[in-house]
Every structure is written in structure tokens, then in C-alpha cells.
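The structure follows.
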Amino acid sequence: MIALAENRYGKGRVRLMKVTRHPQGHEVREWNVMVLLQGDFETAHTLGDNSKILPTDTMKNTVYSLARSSSATSMEEFAMELVEYLLSRNPQVSSAEVSIASTPWKHLTIDGAPYPTAFMRGSEERQTTHVERARGAAFRITSGLENMVVLKTADSAFSGYIRDNLTTLPETEDRLFGTSVKATWQYAAVSLDFDAVRHRIRETMLRAFAHHKSKSVQETLYAMGEAVLQQEPQAEWIELGLPNKHCLLVDLSRFGQENPNQIFVPTDEPHGYIEARLRRKA
Amino acid sequence: MIALAENRYGKGRVRLMKVTRHPQGHEVREWNVMVLLQGDFETAHTLGDNSKILPTDTMKNTVYSLARSSSATSMEEFAMELVEYLLSRNPQVSSAEVSIASTPWKHLTIDGAPYPTAFMRGSEERQTTHVERARGAAFRITSGLENMVVLKTADSAFSGYIRDNLTTLPETEDRLFGTSVKATWQYAAVSLDFDAVRHRIRETMLRAFAHHKSKSVQETLYAMGEAVLQQEPQAEWIELGLPNKHCLLVDLSRFGQENPNQIFVPTDEPHGYIEARLRRKA
Amino acid sequence: MIALAENRYGKGRVRLMKVTRHPQGHEVREWNVMVLLQGDFETAHTLGDNSKILPTDTMKNTVYSLARSSSATSMEEFAMELVEYLLSRNPQVSSAEVSIASTPWKHLTIDGAPYPTAFMRGSEERQTTHVERARGAAFRITSGLENMVVLKTADSAFSGYIRDNLTTLPETEDRLFGTSVKATWQYAAVSLDFDAVRHRIRETMLRAFAHHKSKSVQETLYAMGEAVLQQEPQAEWIELGLPNKHCLLVDLSRFGQENPNQIFVPTDEPHGYIEARLRRKA
Amino acid sequence: MIALAENRYGKGRVRLMKVTRHPQGHEVREWNVMVLLQGDFETAHTLGDNSKILPTDTMKNTVYSLARSSSATSMEEFAMELVEYLLSRNPQVSSAEVSIASTPWKHLTIDGAPYPTAFMRGSEERQTTHVERARGAAFRITSGLENMVVLKTADSAFSGYIRDNLTTLPETEDRLFGTSVKATWQYAAVSLDFDAVRHRIRETMLRAFAHHKSKSVQETLYAMGEAVLQQEPQAEWIELGLPNKHCLLVDLSRFGQENPNQIFVPTDEPHGYIEARLRRKA
């Protein structure tokens, strides 16, 4: 006999651009939204009975309609509103979750000043949030960022590791350390100045990355997470994923040239990958 | 006080092409390998002590060295060998996992026959496996596939769903149903003809997809999973993820033309998304 | 003084899926269309006068409307129809061009037979055409394909090249030769069985690639192009672009292992690149 | 009879990161280089004679070796050095061309100041150059940028265009205008402060984009190009390509809501595309 176990459904890649028009200028927010529902959907799977199915097309419409009426300015608040809306109107839904990734836009700087109605898209870094609520339970809010690409050209070593018959990596006290940071943290509260906290957490991670005398990606990852938990009481835990995007020193001795850490080949593959979660001790 | 919680590290995107040279022709396998280790790495994070760190560069070398000496023909067997090798040589490792995705290559057909030493790369579909073992425990082998893009042009309806003030989707008894299948199943045994089982599971899913009189993506997903579990005793459970890659019927009535399900706009975003796991009942 | 030189405009990435419904089964064609116009558009640029501008949104509508009424089965014929339609209705247009790339779909094979209403998407190879006509002049039709990824595991050497102080590449009589073929050819006529000719040209290139005793990418490229021009009188010239997607032999001697052309690292970058056009001699 | 027409070959995606180490801090430049040669290569194609073939692997080595010894700070100067080097050492080469695209990196700002040895990667915008020289002729230097993604939320209209039976686009006096600028300009001289000129051209384009009261993409494109040619005598001509990345106003009237240009769906496809070259009048 076969049974339906975990299941959920929803709508992904709902793209939204919201333009807020102040007298002194405009603001733009670009969000990519995903909505997922869990609930009493067994007969849809087993009998083709759609009577409890909210179409994913309607979820898309809900995102746009709510974006118009909402006064939320942070992704976290808007995601909470969406979750509430979906739970309140759909008794068959046991749990709703909303993920949002935002694309950075900045006012163009023209003649030294921000131009009020013209914008430039920023880097591939994305600010993210994931808000989930089971009916009758509390909100679970994790926020984060991904694809924050950074590089240290000093204060990065890697030595003292295991050496065996398959070791070919030379030990080094001075290498390039490039990575694309993915971070996720969980909030202790549902009522916060989310954008301000996010900004501080991001700055804290960057400061730790820049200042760290790194003996390994592991050690730098830990230093970044530790700094966040020490300085930001609203973050209950933080998880960091750091691919090691290797920059290979070119062997120029074959051509009679020295290469004192100047000429490198940046590579995308293969890459090291280090991930860890840091939490507060009881 | 801060503590290190879950953590792991390893090497990703280790690309391997293995050419097997038989007298009657060659075979090529292209695999993309990821290795991840868990274990006693706390002091690497907190003290910068690398004495228990196997460099990810060495993991890469291990993949290539083992690929040469191995007689494994399936990804699952090779991943098990890699896991065993890493556990046996690294007492500080508590758990090792290896993921492999294979890229399809076929012999070129020249004048009606397969040419023994020339090949064409196939579709973006990838066959996958994930093998994990904690020291002292059994192997856990899940295999699957992803990005298998299929389309039904008949026998797909969607109606009878919830209608509210945000509903704009028209009900239909005849739509296009396009999706990119991601499937994962867990094996009950560690000694199997993995390639043969995989082939049967894939064929079973495709047959169910083609034959199904679909009332929803949910119902078709269930039919595909149910068929696999009914016909393949080695699969303990199966999980399916089906994005609904909408093909929108173009409204040609604006131009005085009928459009009896002939002209569509294929879209990538937004997309519906349905996922579920099916298991055997106790 | 500033002047407007060459200029054109149009609509890109117009995606079209056309389902043809026969009693014995369906056919699907997925095309990605781009339309570009040249003409008397100077005042749009210099004065903001849009009175001669056909909106690109209307071009998109034209693609869909014409796709419905057209009986063309090949991309080339449909592109010619579009070009004619745009020229005939827009006297301000001096030249129109349409590019189409088609995505491969095949009937699913179920229990050994093609299933009439279920399909699988093929590889990333794209069949292409580009049709252009200046008012009063003849059609210029070039067709082609791109991203046809092929590999030779035998009969490929590279030696006897220039050696200097920056040479590090070892000469070899037996290497892997992988490439992603881009080909474009020009037709001598406007009334042809385009799909049949395309099929023959593609088969001819693949046969030449498989059979060739290659001394370089250059020599194989030439052999492929020469075969096409020799066997297909409708092709006036052919241009081929072959990136050399290097597969690097892994040095296993460091680990005490031989590697008789068995274990390779496939790479995407850097890559060699060879391109040439072959024509008929007067 | 078949003849070899235009042909060239070289190496693409040669990735280079150069770290310059000053006492007060480091600088990083990341360049992606392509080298292409034309010359007397006919017998390589027709006879498999490689004696005049400089291996593309050697071209890659040349990039790295020259990057070490070069004192060029701009892409344009380095590309000229590479072209000269290749021409001077290879009498069989009739023409050499080098293309470079640079990836933006900025010092991390830590506690309000640039950190001397830590960096963040910027947007997907790329600065580009293409330097070509035929033996005995002058350098031809075109530089540019691509993927500069900008948006106007005011001062953009589109009306007064052709209306016919396939028109569905509503006229508007206030729309969003988003684009991804690709620009190429040719220099009149070979000895310039290339980075300074590039910076001025980029600023000029952005200023024109922000200030323009746009009646169409065409008109804004012209205004941007005209401003560059008026203000930068070193630019002989400029070519601009502006995809119109449509932001669609969501119809919320279906839900009883107004949408006064606030809620949009950003889209990638289909997209308008406008390109033009502006030159100085004789």
C-alpha cells in the first residue's frame, strides 16, 4: 500500500517591482516571491478532487494585490502579511511559507547627488527572507543574504593540515581568499526594524571578514558568525556557507619569471565548500 | 557564549570524464562529484588548528585517483567506494557523503549505426545519486534525476478549484502540461544493478506521465510516484518535484482569429510548483 | 555635428509554441523569434516623433497572429512570411530581418512506440535561421545550428606546431577532441525543402567529424565544411565555429598510477576557438 | 572546388587576476581575455600542417607572462602590448586582435573607510575593450561597456506610434523605462588616459539617461550618444544597444484596486531592442 507523506505546493518566481512615489523622489523595490502551502490536499493527489486547491495563479494575484494595499516596507513584514492572509482565508491550509529575495537598486549618482527618479541595479548579491507559520503556532522568521562575493588579498594562510600520499597542495602563509557568502539567521522576535538589523549583521560579517587573520576558511567563517551572535541579540543562530573560490597562483618560473603573489587564475570549479551553524550556548 | 552546531566541509564541482576503451569501441562517463565530511573539526573553527583537516584539494585528488583504480560502473558504487575510502583513512571523520550528477553522452549514429569513438552530449537531464554513511552505520543511498523536461498536449485538465475574489484563472478541460521533473528515491539495498533499476524507474515515471488523465499536477505526480513504488520493490520511497511550466494560450480573438489550443507562449516565470513524497504504508 | 548612422529596432525573445493536432497524434514546435527593422526612423531618434514607429509589442502580436494563420512548417518559410508581412504593411521600413531558433522536442517513447500526445525536450542544440530582405531585393536566407556538443575519443592528434619559450603544451597523437559546433550556411534558393536539406547538412557534418583522422581542430573544421559544400549544392557557403573544449589528462603519476588516456578533467575555460568560412571557388 | 575564406583562431575565457601590492594597500584587476589571430593558416586547414600554428595554449601562457612583466594599468594598453607581442613574434600572422572584459571589484568599506586588502565584487556590468591591428596598419581601438542595468521611473512616455489591427499596447505618458546598456565607441588616438576617458563617457551616458524627457527608447538612445560625442572629442563614433526590459503595470482593477503606477511585473522576455550608431558629420 502506498501513502502520501510530506507534500506542499505553491507559486515560485513571482516577480514584483513596487515604486513608491514621494514628492522628493521615488523608491523602487524589486522582490522575487515564492509561496508554499501545506494542508489537507490528499484527495487532490489521490482522487483528482481540486475543491480544496487554491490555484497557484490566485497566489500570484494575491502577491500583487497585497503588495498594493500593504504598508510593509521590509520583506519580512510583507511575508508575514502574506502568510497571515493565506492562513486566514484557507482553513484547509495547515502551514504557509513565503520566501522573498530582493534585487538591489540604487539611485543613480548624477553630478555628485542621487537622482530622484533614475536607478542602477547593483550586484548579484540578494537579500533574502523566509517566513513560515503553522496554524496556531508562532511565526518562524529566518533572513539572510546570498552571493555576497568578497576577497581578501592579505591575512589568509592555510597550513598544518593532514598530508598523505594524495596531497599535492602546497602549504601557504599568504594566499588569496575569495568566497561568495551565503548567510541565514533566525530572529528571536517578530516585531523588529528588520532592515536596520539586517544592515548591522551584514556590516558585522564584512568587518570580521576584512579584519580576520585567517588560518582557514573554517576559522574565518566562525569569526564572522561569532561576531554576529555577539553583537546582535536578535539573531538566535546563524548559518554560513562559504565556497572557496580558488585563485590559483600562476607558475611563471617555467618562463624564467618570478610571481610574488601577483598573477592568479580565478576559477569557479572545482571549489572548496565550508558550512557551519553557530548558536548561543544554553 | 557561542557554540559550533552542525558543520561540514568538502569539495564541489569536481568534474571527471572517464573513457573506457574496449576493442569494439569506447565508453564515456561524465560525472560531477561533490564530497562532504562531518567530524571532529571544532578546533579548526575556533583555534585555527588544521591538524585534523583533510584539504579539499586532496579530496579532489582522491576522486581522480580512485576513479582510475575503481571498477565501479555505476555512480552509486563509485560513491560508496569514495565514502568508504574517506572514512577508512580519516578517523576524525564521523560521516562522509558523496553526491554525483552524470551528464548524458551517446554514441553518434553514423549511417545508421553507433560510431564507436564519437559521441554527442544529450539533454540537460541529469542522473543523480547521494551516498552517505555515518561511521558504524549503514549506507544511505538515494538516487534520482533532475531537469527531465516533458510535456503533455492532451489529457490534462484543471477545474473545480477554489474560486474567490482574486481568482482570474479560467477552468479548463484541455491544457498543455509541461514540467521539469526532479525525482529522488531511496534504495532498500546496497547491492543492486543500480543502472538497471534506475532505467526501470525512469521508464515507469514516463509511462505514467504519458498515460495519465490528469486533473491536476498533484494527481499526475501521485500517479507517477505510485507506479514507481508499485513496480519497484527496491525503492523505499520516492519524492517528486514538478514545477508547472505554464504554456499560456494566446488570446487571438482580439485579432478576429480563433485559437483552438494551437498557439501558446511558453513561460519560465512565474511557475507553479508541486512536491510530494510517497512512501509504503506499514 | 552629430549624425545617425546604422540603426534598427525590433522585438527579441518572442517565444512561441505551436501545437498541430492530427487525428493520429500531435506535433509541437517551439520557436524563439526575433524581429528587426531598418528604415526611415531618424525623426524618432532626433525629434521623438513616433509616427513611423511600429511598436515592438505589435511585432510580438504579429508573430502570434501569423503563426496561427500560416501554413509554413519550416522556420525558414515562416520567417519569410513574417518579413513579407512587415515589409508590405510598413512603407517606412527599408529592410526587415527575422531570426528563429528552435528547441527540440520528441515524442516520448512508451513501451517501444512514440506516444502521440506526450513529449520530451531534447538537448541544448538549437536549429537556427536568419531571413533578411531589403525592399526590392531578394531574400537572403542563412540557416544553421548551434551548441551541438560532440566528442571524439580517437583519431585526434595535435603536434608539429610552433614551439617557443612560452610553450608548455605537450605534443600528442591521441587526445580527446570535444567541441560545441556552431554552423551557418547560406542557401542559393528560396524554395526548398528546408527541413530535409538541414537534416542532410547536419548528418554530413557529424559523419565528417566522426570519420576524420584529425591533426588539428582546423583540419577537422575544414573537413566538415568541405563535405557539406561537396554534397549539398544548395549551400553557397558554410561558416563553422568550433571552441576546443579541452579535456585535460589527469597526472596520476604523482600517486604512482598510470593514466593511459582514461581519466580526464573536462573544462569550460579557457577554451581554444577556431572559426572559418568555406566557399565555392569561382 | 572549395576554398577557405575568412578564418581566425585563438583562445577565449583566459581569466586573469592581477594583484598590485602598494605599501598603503592592494589593488585587484580581474580581466577575461580573448586572443584571435588571422594569417597564413591555409595548410593547417587543408593539409593538417601545424608548422605555422601557435598553440592556443601558448597564447594563454603569453597572457599570463605578459601580465607579469607589463606595466600597463588600463585594459587598452595591455591589449595593445599583447597584439604587438603576437605580431612581432609570428611572421605568419597578418592580424591580431585582443578583447578584454573586466569585472568590477571595490575595496570593502569598513567603519567608513576603504579596507586596504579586502574587496567586494560589484555588479554584472562589464567594462570592455577590443584592440585589433593588421600588420603594417594602425591600431583600431574600440572600448565599451555592457550590462549596465538602469531604470527611469519618471520622464518616460511612449505614444503617437502606428496603430493597426494588431495593436494592443496602450499609449502612455508615464511608464517605467528599464534597460541594460551596451555601448561601444572607437578612439581617435592610441595614447590616452583610457580609464579617465572611459569614466567620463560612462558618466555622460548616465547623466543623459537620468535627465532625458523620453518619448521613446530611440530618442533616449540618441540623446545618450549625442552627449558622448559632443563632450568627448576622443570618441569617433558610439554605438548603443538598449533592450527595453519591460515592466508591466499590473491590472488591479479586477480586484477593485487602483494601481497608479505603483505595482509592476518586471520581465526578461519578450523584450524590445533598439540599436544605433552615432557618428560625427563630415
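Per-chain residue numbering starts at 1, and chain names A, B, C and D are given in the order in which the chains are listed.
Methods note: a contact is a pair of C-beta atoms (placed from the backbone, for glycine too) under 8 Å apart; a residue touches a chain by one contact, two chains touch by 3 or more.
Just so we're clear, the structure is a prediction, and the values are computed from it rather than from any experiment.
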Most remote chain, CA-based centroid, reference being chain A: C
Homomeric contact chain A-chain B: same or different residue positions, threshold half: same
Centre-of-Cα separation between chain B and chain A, whole angstrom: 24
Centre-of-Cα separation between chain C and chain A, whole angstrom: 38
Shared-contact residues (touching 2 or more other chains) in chain A: 15, 61, 65, 166, 168, 255
Pairwise touch network: line, ring, star, complete, or other: complete
Complex interface listing, chain B residues touching chain D: 165-166, 168, 254-256
Of all residues in chain C, those that touch chain D in their complex: 1-15, 34, 36, 41, 44-58, 60-62, 65, 89-90, 158-162, 164, 166-169, 214-219, 221-222, 225-226, 229-230, 237, 243-244, 268-281
Chain A partner contacts - residues on chain D that touch it in the complex: 15-21, 26, 28, 30, 61, 64-65, 67-69, 105, 108, 110-111, 115-124, 148-155, 176, 206-207, 209-211, 247, 250, 252, 255, 257, 259, 261-267
